[in-house]
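Have a look at the structure below, then the notes.
Just so it is clear, A, B, C, D and E label the chains in written order, and each chain counts residues from 1 on its own.
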Amino acid sequence: MKKKNLNFILGSILTGIVLLVMLVGIFYTPYDPTAMDNANKLSGISLAHPFGCDNFGRDILSRVMKGSGTTLLVALSTVAIGTFFGVLLGAFTGYFGGLLDEVLMRIIDVVFAFPSILLALVFISLLGPGKGNVIISLGIAFIPSFARIVRSEFIRCKNMDYVKLARLAGAGHLRIMFVHILPNTISVLVPAVMIGFNNAVLAEAGMSYLGIGVQPPDASLGRMLSEAQTYIFSAPGFALFPGIFIVVMVLGFSLLAEGLKRD
Amino acid sequence: MENTQTNNILMVKDLRVSYSQEAGSVFRPKKDLDVLKGVSFSIREGEVMGLVGESGCGKSTLSKALLGLIPKYEGVIVQKSEHPQMIFQDPFSSLNPAKKVGWILEEPLRLNTGLNRAEREKKVSEMLRRVGLEEKLAQRYPRQLSGGQRQRVCIAESLMLSPKLLIADEPVSALDVTIQAQIIALLRSIQKEMGLAILFISHDMRVVYQLSQRVMIMKDGEIVESGDVEQVYFHPEHPYTKKLLEAAGILEEGD
Amino acid sequence: MKYFMKKLISMAATLLVVSFLVFLAFAVIPGDPATAKLGTEATQAKVEALRDEMGLNRPIPVRYAAWLGGLLQGDMGTSYSYSMPVTKMVSDKIPVTLTLTLMSFAMMVLISIPLGLYTAKHEGGTADHVVSALNQIIMAVPPFFSGILITLLFGLILHLFTPGGYVSYTKSIPGFLGYLFFPALAIALPKAAMAVKLLRSSIVHEMRQDYARTAYSRGNSTRNVMYRHLLKNAMIPVVTFLGMALADMIAGSIIIEQVFNIPGLGRILLTSISNRDYPVVEAIIVLLAFLVIFINFLVDFIYKKIDPRIRVQ
Amino acid sequence: MLDVIDLNLEFHDHLVPETVVHHFNLHMEEGDIVGLVGESGSGKSMTALAIAGLLRRHDMKKTGQIMFHGTDLLTCPRNQLRGYQGDDIGIVFQEPMTSLNPVYRIGWQVEESLRIHRPSMSREDRKGKAMEMLRAVELPDPERIYHSYPHEISGGQRQRVMIAAAMICDPALLIADEPTTALDVTVQLAIVKLLKKLNREKKTGILFISHDLSLVKRLCERIVVMKDGRIVEEGACDQIFDAPKESYTQNLIAAIPRCEKPAEV
Amino acid sequence: GDKAGENSSQITIGIPQDIEDSLDPHKAVAAGTEEVLFNLYEGLVKPDSSGELQPAVASDYRISEDATTYTFTLRDGGKFHDGSPVTAQDVKYSIDRCADTTNGEPLVAAYSHIQSVNIVDDKTIEVVLDGPDTDFLAYMTNAVIPASNENPDTNPIGTGPYKYVSRSPQENFVIEKFDDYWGIPANIEHVTFKVCANADSIVMDLNGGSIDMFARVTTAQAEQLGDNYQVLEGTMNLVQALYLNNAAEPFNDERVRQALCYAVDPQGVMDMISAGKGTVIGSSMFPAFEKYFMPELSDMYAVNLEKAKELLKEAGYENGFSFTITVPSNYQQHIDTAQVLVEQLKKIGVTADINLIEWDSWLSDVYAERNYQATVVGVDASALTPSALLSRFVSTAGNNFINFNNADYDAAYAKALATIDDDEKTAAFKECETLLAEHAANVYIQDLPYLVALNKKYAGYEFYPLYVQDVSKLYIVEE
């Protein structure tokens, strides 16, 4: 009881901070996040620049404020797509089994076998670059893992007596799947979603790195982190703040989820 | 046997079910286990049919087969009720662990009636009361209930829709006698009021006697004797029936 | 037996689909191997000539059929960029990626199972809190970043290995394994953190079941209850995850191979994609797909093995 | 042998703490058979679990003493308690359906107490003993049952498996929580006989929880009646049946089903 | 590396991308391949570090008065790596192979002017052109390979100071000293080019000791190197510019292009991305071509925002406009440059977006199909002639990816090619450069700095005006 509350409170605080920074970032940043300043290149923490500056002398705080919004948007929507379709697929295949299961799972295998980068490349070439397409292609790459987890839980639950009773009470397949069985998969699904959120933040960074994600000079936390790698020795702080912010963001969400989870 | 087909709510002809045991190891090759070996009977509308039998003789299998919950069977099952209900022998796995008792009980109403939330809740607390449970239990998860409480929740769930056919697999086994009596009375009154037909599986010979009009005695996947309760209880023919009645101490009572 | 035949056929069909999709993918994405090969010296005529030479001017189905025909005879074609037989190129790199993957998988299992059990056993205790906090943080650190941190710590500060000093398995097996240790750790850590979390919640769930109580009633120690009774049940969802993680590690080794300068399949795949060298891409993806499908098949199999109830279907 | 003194059990997983057992006292000598009857939800199973040392949950409060052979099971160290569980104290749970581990075969589970408390026993001996127990509880085809998984056997069969497993080490105290609910009368009788024999030969003390008063009457010398977490009446079997003092007990006895149709309502 | 136990000398050199190319010197095209193959192959002549052509496989050469006949005398005792002697047949084979037009175009474009290759005697070979060309010698640096080699793609055999040992994709490329080399032998026996594809780990690789040398480190990387490294500084010999598609809106208007030139501050770019290192350029020529480089052109568009805005206004873009800069994602320095440009252009109300694409997509979309607005890349010279840089701006040139179209330029370039008088030729080329600058064909920025990190155990590194790594000059410092 107490632990749950603690998780919830801590999670809300961290998430609150992230959301606040993000929302404020939409309307106000201390500096123009793309404005360069030769004099301040890689300068450390100072009063004027509390998070220091990057290799172009851009204010890291401002970039983090702008970038976290992008990151959050991409990560949340990616996970939403992945979870939504993953749950849908996993539920259908696990619940009905048989040929449908065989065929759909093989399709999922196919998607899973494709390196997400190739997948992303294909989508970006089909749809053109841009945030939305990054979300779509990453989201698709995320589907298989959710589908598999949900599927195995559905296989476990579908033979339970309560499922049979629900059928007798007149519940349709859809209702049985999503109202009766789905809540029983929560204990496995929630950690998976948190992991997914995490991976999405990082995958977005990876894609930006390949040039198919967020385009410079726009900031996203992942992109900032990968830009900072080169300076890991000379300006460790450059990597530190976006990094910490990712951790705070992910941590906040997972604590919140943990706190909300009932069992 | 029966030719009054018109008012049969359930009719079963030559039902056979076998479980295929998966090979456990190289040394125990796969073999089939015949559980029901040709069962035929029928239940009329509004009638309570008792089913008594040896433990492991196939009663639960029969009850599941009747409602199509066993994928593979041979024989004919004709079932004419709109929402046949079932009370499983195992009250724990019949209750969705992720939902509260209140939600579980509301579900049949939600699905089949246009009642609004308040009305549903009212019906639920009424039903809880009728099966002898406190209303506050609606707020609990199944694992927070005692065995008998779970069983009563299952009974309540099966009665929510006023079904025409109820298959009850040992519904009162975990209840103490006072509550048992209360549940029996409840079932009787519902049966009278709404013409509910029940296949009542129990090993408590007395309870079966009190509730049923007819009774079947089952052993080893076959029905060895059936007929009116009085007939079977006081003039048993099959040795197993006699043995049962003897063990229950009914024969002495009757004599 | 029939089951296996069925699986085999569906596996083959999947591979066919995968390989065809790769062909299609290359038809869709911009860039072509001839231009890539010629680089800035490309002119219309040269590109055309080269395309002819490479057989790129034939329609996709024809090209695909030719490729498939070759494959059935054990010939996966010649790399456009390296002019080397693809079979040799790929088979040389398989040991690298496979070793890396298996090593990190072993690490993941060795770290996560005891830790998952421990935290579940002490649910709500200090150790549990510390581990979950650590878990969260480890999961939140990007793999390339943790790779750099590991290089920094173990390579440059502790001098336990030479960063970038990859030793080929053809030269020295211990050197090879020694070098792969840290990259494997970098891959294993975040996955292990996830596995710990999953295992913990799964065990906590099983601990509430009645049969756990039964186990205690026979005088089992908590340890025994955990290992003998709960673990097998709790592993059911975890096995799915482990299978996915393994598949993920094989298909996703690209980043770590990059950070640690390991010449494995992932690296070749990445450059071959950008060189539009599809004989190579095709071979590697078909291989990856095969592994992924095989692992999933294995997972389903193990899954049925652990949970007897599933056979009822 | 067993002395339960002023046992109170209180749940804390709701907003309002809920006491489910109040001031429970029980004394049992070796070879005593005590019947525990009472309303559904009156706290019988909780009491049984407490005595068997299985209420180790953090979210509940336990006060009082449970003295077994001179040790307080509520406060003694865990490994001492473990030494008793399964060996000196056996328990049959009320829910045979969920109390068996779904992923292990029956034989493995029945033998478990032997593996723990009789480590020197050989494999064959263990199996022999397990088969003997399975036969003793009247299971048909014990060889098949031995190799089955829990979901493959019927409810009554599972219940008998639980009984066999609880008795395999010949415990000094057997707690049986509604052990015969899913059994037909003939098997019920056989089980009662088996318990009696055990009691006679091994001086096993039995705490028999049931709502089937006729069964309790056959088996027990003493009866404890519970309602709402409290003991309402306690005494020798005959005395309670012949002259119940409390109105609840009277109701209970009156409600014993008879082979007669109830009057129409 | 640290493998001190071995008695023979060796060095490990990091390369940023794999030699994922044919090893056939006539077919290899990637700059990264050519710079390594430089150690394996030689032509009849060979450039030295000052860019002068020196006899190589040929010991001597003669150019006829009218600059149409080039006569080469083969060196005595010249040998291929497989031990066979270099014959006149091999030389003819090599030249003919590159001049072959059965595939549409010759492998070396300039060879289309070859009329015939004649074997005069065992030691003498004569190349006859269809017209005068004083620069043709530069193309004779093209590798001589044995006619007998059946697999030049994977089994390179040349005459250079090093011979091929092995390569492992994405891992390494190994060469070793060729003992029968005709010239000054190499100093280091074993050379491993190690693929270091991750730019971010190069500093660690160097500091950790797994590589001894890396050419083209960035200033940021150089600053993080330990004491045991020296950083040598040269120039990349590239023309880095914001290349504009002269045929696309709005850059088809010269005033717009000029406006951008006035707005961009190359020195600002250099200050930002490479601590001020690099050389400002004003046209498509870099300083290594001393004879042709015109430093004065760099001042033509000194930063003048007022002027820029005025020009935009004239062109009808009073409120500025927006456009997209397409940048290949594998070149960090170009991405960085683009980002600085975006900031600088904001000052005149021009908004630029950056669109990163893969190198291969860049080749097809931008370079081949010319489907872009602007791009930041660096263009190098494939041969040591000014035409290597300037020919692409002739309106009909196949590689004129900026669609530059100027009749004066075409005339000036034709004149430069036609004349054999060196002064006239130089003047004509300079006119070309001036025209490019005046018409603001592109926004020229810089010749990038070229930093080589070399472990202090080694010395002897030489910079070339070409994109090559000459390993044979490296030696181990005695301690």
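Rule of thumb we're sticking to: contacts are C-beta pairs under 8 Å (C-beta built on N, C-alpha and C of every residue); 3 or more make two chains touch, one makes a residue touch a chain.
None of the values given here were measured: they were computed from a predicted structure.
A.B. asks: More contacting C-beta pairs: A-B or A-C?
C.D. replies: A-C
A.B. asks: What chain is most central when centres are computed from CA atoms?
C.D. replies: C
A.B. asks: Can you check how far apart chain B and chain C are, centre to centre, with Cα atoms defining each centre and the answer in Å?
C.D. replies: 51
A.B. asks: Between chain A and chain E, what distance separates the C-alpha centroids? Give it in angstrom.
C.D. replies: Chain A and chain E have C-alpha centres separated by 43 Å.
A.B. asks: What whole-Å value do you get for the distance between chain D and chain E if each is reduced to the mean of its CA atoms?
C.D. replies: Whole-Å distance between the two chain centres: 89.
A.B. asks: Mark out which residues of chain D touch at least two other chains, giving numbers and ranges.
C.D. replies: Touching at least two other chains: 13, 95, 98, 152.
A.B. asks: At least two partner chains per residue is the criterion; list those residues in chain E.
C.D. replies: 200, 330, 358, 361
A.B. asks: Among the residues of chain A, which ones contact at least 2 other chains?
C.D. replies: 121, 125, 226, 229, 232
A.B. asks: Residue numbers of chain E touching chain A in their complex, please.
C.D. replies: 199-200, 203, 218, 220-221, 223-224, 268, 271-272, 327-330, 335-336, 338-340, 342-343, 353-358, 361
A.B. asks: For chain C, which residues are in contact with chain A within the complex?
C.D. replies: Answer in residue numbers: 10, 13-14, 17-18, 21, 25, 28-30, 124, 136-137, 139-145, 148, 152, 194, 197-198, 201-202, 204-205, 208, 236-237, 239-241, 243-244, 247-248, 251-252, 254-255, 266, 269-270, 273, 281, 285, 288-289, 292-293, 296, 303, 307, 309-310, 312-313.
A.B. asks: What does chain C use to touch chain E in their complex?
C.D. replies: Touching chain E from chain C are residues 29-32, 35-50, 53, 81-84, 89, 92-93, 144, 148, 151-152, 155-156, 162-166, 168, 258-261, 263-264, 267-268, 271, 274-277.
A.B. asks: Which positions of chain A touch chain B when the two form their complex?
C.D. replies: 160-162, 164-166, 168-171, 175, 180, 183-184, 186
A.B. asks: Can you list the residues on chain B that touch chain D in the complex?
C.D. replies: Residues of chain B touching chain D: 19, 21, 24, 28, 33, 52-56, 59-61, 89-90, 92-93, 132, 144-149, 152, 170, 173-181, 184-185, 188-189, 192, 203-207, 209-210, 233, 243-244, 247-250, 253-254.
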